[in-house]
């Protein structure tokens, strides 16, 4: 069988590379062929063409992420109309059913952000910044928005690039110019989380600042273990790659399909749980 | 050494003994764009050999021609501007900004399509004029001026989207708002749907296994793309304006001294490039029904790549619209084509870079061989 | 003077500075209909700078210009052209990548058709270009050859042919014969003579006193940004002119060793 | 009209009456880089007025000079190459690729620092030679050739990282592996720590409330940045090589005809640009202890921006190393500075673009005013 | 012939094509020590193309080149220079954005210091440049002026002064006097004379028969890519040469109307 996976995350994005690893593991385990495709930037127009291209090849199943239901709707509906079973992952929980997908695996970015915000508020945070390494990428913007809504305190977005040294300098600048900041929410562990920890060290206030991040990286997990950072939100995105592929493989073979959506997270990694995760993270499984 | 006596025997020479016969093929290959044909053939050949054959049925063709056409419309504007000796790096951001203007004028101001489209084009045109005015006034390179515009427009798109949506970076509901309005078919949807339906019925077009047609019509952007290419080619080769564009790019000082209105040409080209981007914004916004702050990201870059593959010189004064057309198709084919192969996505960029390089090298060597240059 | 009516083109006290460099320090000059006015002077005297202000390339720092007695300001070369002034610049103002025909017609392309279908009349343009070039003694291989691949003299001839073809009232030639062969030079001088007789005013810059004496009606000598004065034909001999241009310096000694051939 | 009698009275002119007196300031401002000083002053003034004053204490300075220095080292290489008339768009990807080579040779091959650094530089140099060879052989514009290299290197970094880590896009443990090795101080950490400690003790440097020093030393990249700028300036202005670089960029055909070894210069410049990127990769990898597939993303672009702000011409043959130095600092300051202000961060890109434009315009107008050009 | 020993530089049956255009169809030529060999011919005859193959700018399509009787291949202009050949190209080969001094020394900069501290000796370079230029009759304002802002003649003089200064064995001059004033022309001709007497072989391209006759020892005429033959001084008169160059065409009629001044 052939299963096509089309997502909105670039292949070199650490988060999505884990999803892709999950897809490949499932393909091996279930003995199906998969192709994983994604546009090279957050580009909904290009992504809908990639879905079309995948559908043209009449796959036995289609896995898509849906960060923009109106832009991708037509392409997904075309697949559904052609009788191809579709599972949505990661983003798109709200629109999954409406578009005719069988089910959704994953969790909405907004909800993950919200629960992280609530947790940080619980830990005593009052004034937070959200370090966004790709402003305009709707999934990242939703993470920030969720954080702001859950945190319910004073929040501000700090837009940065992908370069650790630049992120570090900007976070330090933010901390230095507003000494009441006590919470940092980073939207990526390696790109934003680790430099944020370094910046907090540079500004001499590491002890007073709660740092949390989306996704995992070995470096950030070490900081959690050392109690320098608070926690990391893990969507267990490996599952978002693995499960839909094996579901669709089973569907093609035996017509089986679970009855409802599968939430893969959120899962907060705090200092207690960190030790088991570090090695897996370095291998691209968590 | 020749003895001086020879001096008297000046041979009677025929008119053009100094010009060797040249094959019509070589003559054709001298045109800047026709080198790109070689690249196109090479890339097509590669995919024919490697990719799923559905890539080249009509549905597959339309599938990769659609993004190629969207890129191509921008590449046309960019290549005209490049021939005129300037760059516009802000056209990628312009797609996002014009998308915002268009989306907001429909969903926030509730304007009809017939007002929103001219408004969007006008705003783009004004930004083009501003870019041009700064470049001309200060004599700064257009690279740096339009780079500033790149950042500013991208930033304004973000701010504007947040304003228009009340905090989100994604504006939706545009397609619904214009449903059924006059002239919608000019910018959205597909043409020749009747013809395609008949063809599918007669099994001349591919279907899905459950009998659904794979393709229901020709996306309107492909029609725009072909039409604009023809128009740009005509202007470049057959009108005084075209001559002025080449002259402005070739040597602005010499062009000005020969009486070419260099300023006006430059302003006009900036406006055209900006409007092409705005047109792409309108088409893609209507197509996807939404717009977001990342639309058109790095498209300026891809447009320039397409123009260069098609034979435009970065230094100006040389190039063609058909070249940009072919370059966009090559680029679009490589971009989407990977999906039809079994190559791992991780290798995508290596593949893209390799194909570009091979296509351009092949172009170049074929043209040199045929025209006998060295 | 012999011209009671207004000169076609008059320049009064033109000054021009580039940054801290003074190129012209007050030069006056007039071109009359049917006359060939020669502008002579040493290298760097300011001749090219002067005629560039005449043809609208750069505005003078100071001074006034009059066409038919009316003060004018040429802000672009196009304005000057529309006033009937055609120029062969020393650097020729050609686009190397473009074909001979396209360079010839640049800025004033002939069209056919009407309205939005007006288009560049390539056939006519090619024919005229080939004809005008062969009038100057150059037989082109093909009108599509890029100007960048022409020889120096061929290129100069294109520029001259173009200016002559479009020179309505005043024709300015900045060292037009510098790269030309014997035959082409003769043909250019003959052309000047012919055009002058049609009532066009000609400004002719040259370093060759023989050429100047052959066609000039009037001679102005520039030196280091100033004019040394104007003389009419017959008021000055070739030797006097030569002396003035060379500043009467080492020339004598050189002439001796080279046998008066310069 | 002057009567002919005047002809005899040729005035006796002094030697250089044709050259007006020029102020030493104007003479200075003629240097390409010194225009950028005006931009730097403007931007600094703006932040002094608007930003939190901690931006300009020593710790704040080091904070924004560190990314500026990393960008600046690349901008130096890029500006030398631009002066020589070529582009290298692959230097951003080269940061990722060289980072991979460096990281993998330490963590996978277990090479010592002393072997890993030369290996990384050598690989970068070879890629530079390949780029140069293709450009020279084919005569294709370096834009398109190095663009292909941009994609290929970026893609190879991803593939290589996954290979080296067994599936992750981040390679870590590099800092730990080289701990305590010889010459580590050359590429990592801070210098003058003793001096800074003494200064802090005497309260000449700021401290935190708990008495900890705010700043413990000067990051090593700043030293590299200053040193390389000095070296590049010396080469450009004081050696035959510098003359050849300007000549190659100004007019390659004329330079070649005058006996300049244009090919060798070009190859050398590509190698230098690639090695500068590799040096930045080494420094940043050691600094962060890890490398990932997105390092250096769009840095090629920023390096070119910095060079252009600093007065380099995109067409080659004009520019300076000090200009690239100042341009990098301006860019770094604007990039980080907004965070020190109270301006809404959504406006970041608008602000970045606006500041760039204003700085460059100010540059330009000041230089024109002072030198009296128009 | 009068030269039993090997010529400094000999070209045998050189052919050159650009794509489908035949620029040279088999030209032979020799330059001897202490002689000035004039290369004459109509515009587009192929003179510049010919000397470009001599100086290594482009390889000939066919034919052999010999230096002191040894076959050589010049793959770059630098190789030709190292063989002692210096050239003034018709397009001058100058970088407009660079200063006069830097252009003058381009490719052979004088250095001082040693090892890694070897550096461009700016002071010496400036002094030599100013001196060489004033020998040619041009007094520069400052050696730092960009070549792009020099007048046409000033620029040409820089190129000539440079070639003369570095011309070790053979000096090739492609229309060196085309943009020069009277005084500068005289000075260039005198320089040719002086350099020749030092034993340098000179190849001199010109359209001016008087200049050719003044300094030439030998005359070769090209026509449409072929040589019409070579004559030594005294074997041919100025009129014969003129006739040959112009192809004996309309020249007579023109001469009449212009009074024999060309």
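The first chain written gets the first letter, and so on, giving A, B, C, D and E; residue counts start at 1 in each chain.
Quick note on the criterion: a contact is a pair of C-beta atoms (placed from the backbone, for glycine too) under 8 Å apart; a residue touches a chain by one contact, two chains touch by 3 or more.
These are the chains along with the protein names UniProt gives them: B, D = Xylose transport system permease protein XylH; C, E = ATP-binding cassette domain-containing protein.
Please read all numbers here as calculations on a predicted model, not as lab measurements.
Enquirer: Quick one: which chains contact chain C and chain D both?
Expert: Touching chain C as well as chain D, we find B, E.
Enquirer: Tell me the rotation angle, 0 to 180 degrees, that brings the C-alpha atoms of chain B onto chain D, to the nearest 5.
Expert: 180
Enquirer: Farthest chain from chain D, comparing Cα centres?
Expert: The chain lying farthest from chain D is C.
Enquirer: Centroid from C-alpha atoms only, then distance chain D to chain E, rounded to Å. What do you get?
Expert: Distance between chain centres: 43 Å.
Enquirer: Just give me the whole-number Å value for how far the CA centre of chain A lies from that of chain C.
Expert: About 72 Å, centre to centre.
Enquirer: Could you put a whole-Å number on the gap between the CA centroids of chain A and chain B?
Expert: 34
Enquirer: Do you know which chain E residues sit against two or more other chains?
Expert: 18, 21, 91, 141, 247, in rising order.
Enquirer: Spell out, as numbers or ranges, the residues of chain B touching 2 or more other chains.
Expert: Expected reply: 18-19, 154, 158, 346, 348-349.
Enquirer: Using the touch rule from the top of the page, what residues of chain A touch 2 or more other chains?
Expert: As it turns out, chain A has residues touching two or more other chains at 11, 135.
Enquirer: Spell out the part of chain D that touches chain A in their complex, as residue ranges.
Expert: 51-52, 54-55, 59-60, 63-64, 66-67, 70, 154, 157-158, 162, 165-170, 172, 208, 210, 212, 214, 284, 287-290, 292-299, 335-337, 339-341, 345-346, 348-349
Enquirer: Contact residues on chain A for chain B in the complex?
Expert: Touch residues, chain A against chain B: 11, 20, 33, 35-38, 40-46, 48-50, 52-54, 56-58, 68, 70-73, 81-83, 135-138, 141, 145.
Enquirer: Which stretch or stretches of chain D touch chain B in the complex?
Expert: For chain D paired with chain B, touching residues are 134, 138-141, 143-145, 147-156, 158-159, 162, 304-305, 308-309, 313-315, 346-354, 356-357, 360-361, 364-365.
Enquirer: Give every residue of chain C touching chain E within the complex, in rising order.
Expert: Touch list, chain C to chain E: 18, 21, 41-45, 48, 90-91, 137-138, 141, 145, 149-154, 157, 175, 178-187, 189-190, 193, 207, 209-211, 213-215, 242, 245-247, 249-251, 254-255, 257-259, 261-262.
Enquirer: Going by the contact rule set out above, which residues of chain E touch chain D in the complex?
Expert: Where chain E meets chain D, its residues are 55, 57, 76-78, 81, 87, 89, 91-98, 102-103, 105-109, 111, 118-120, 122, 139, 141-142.
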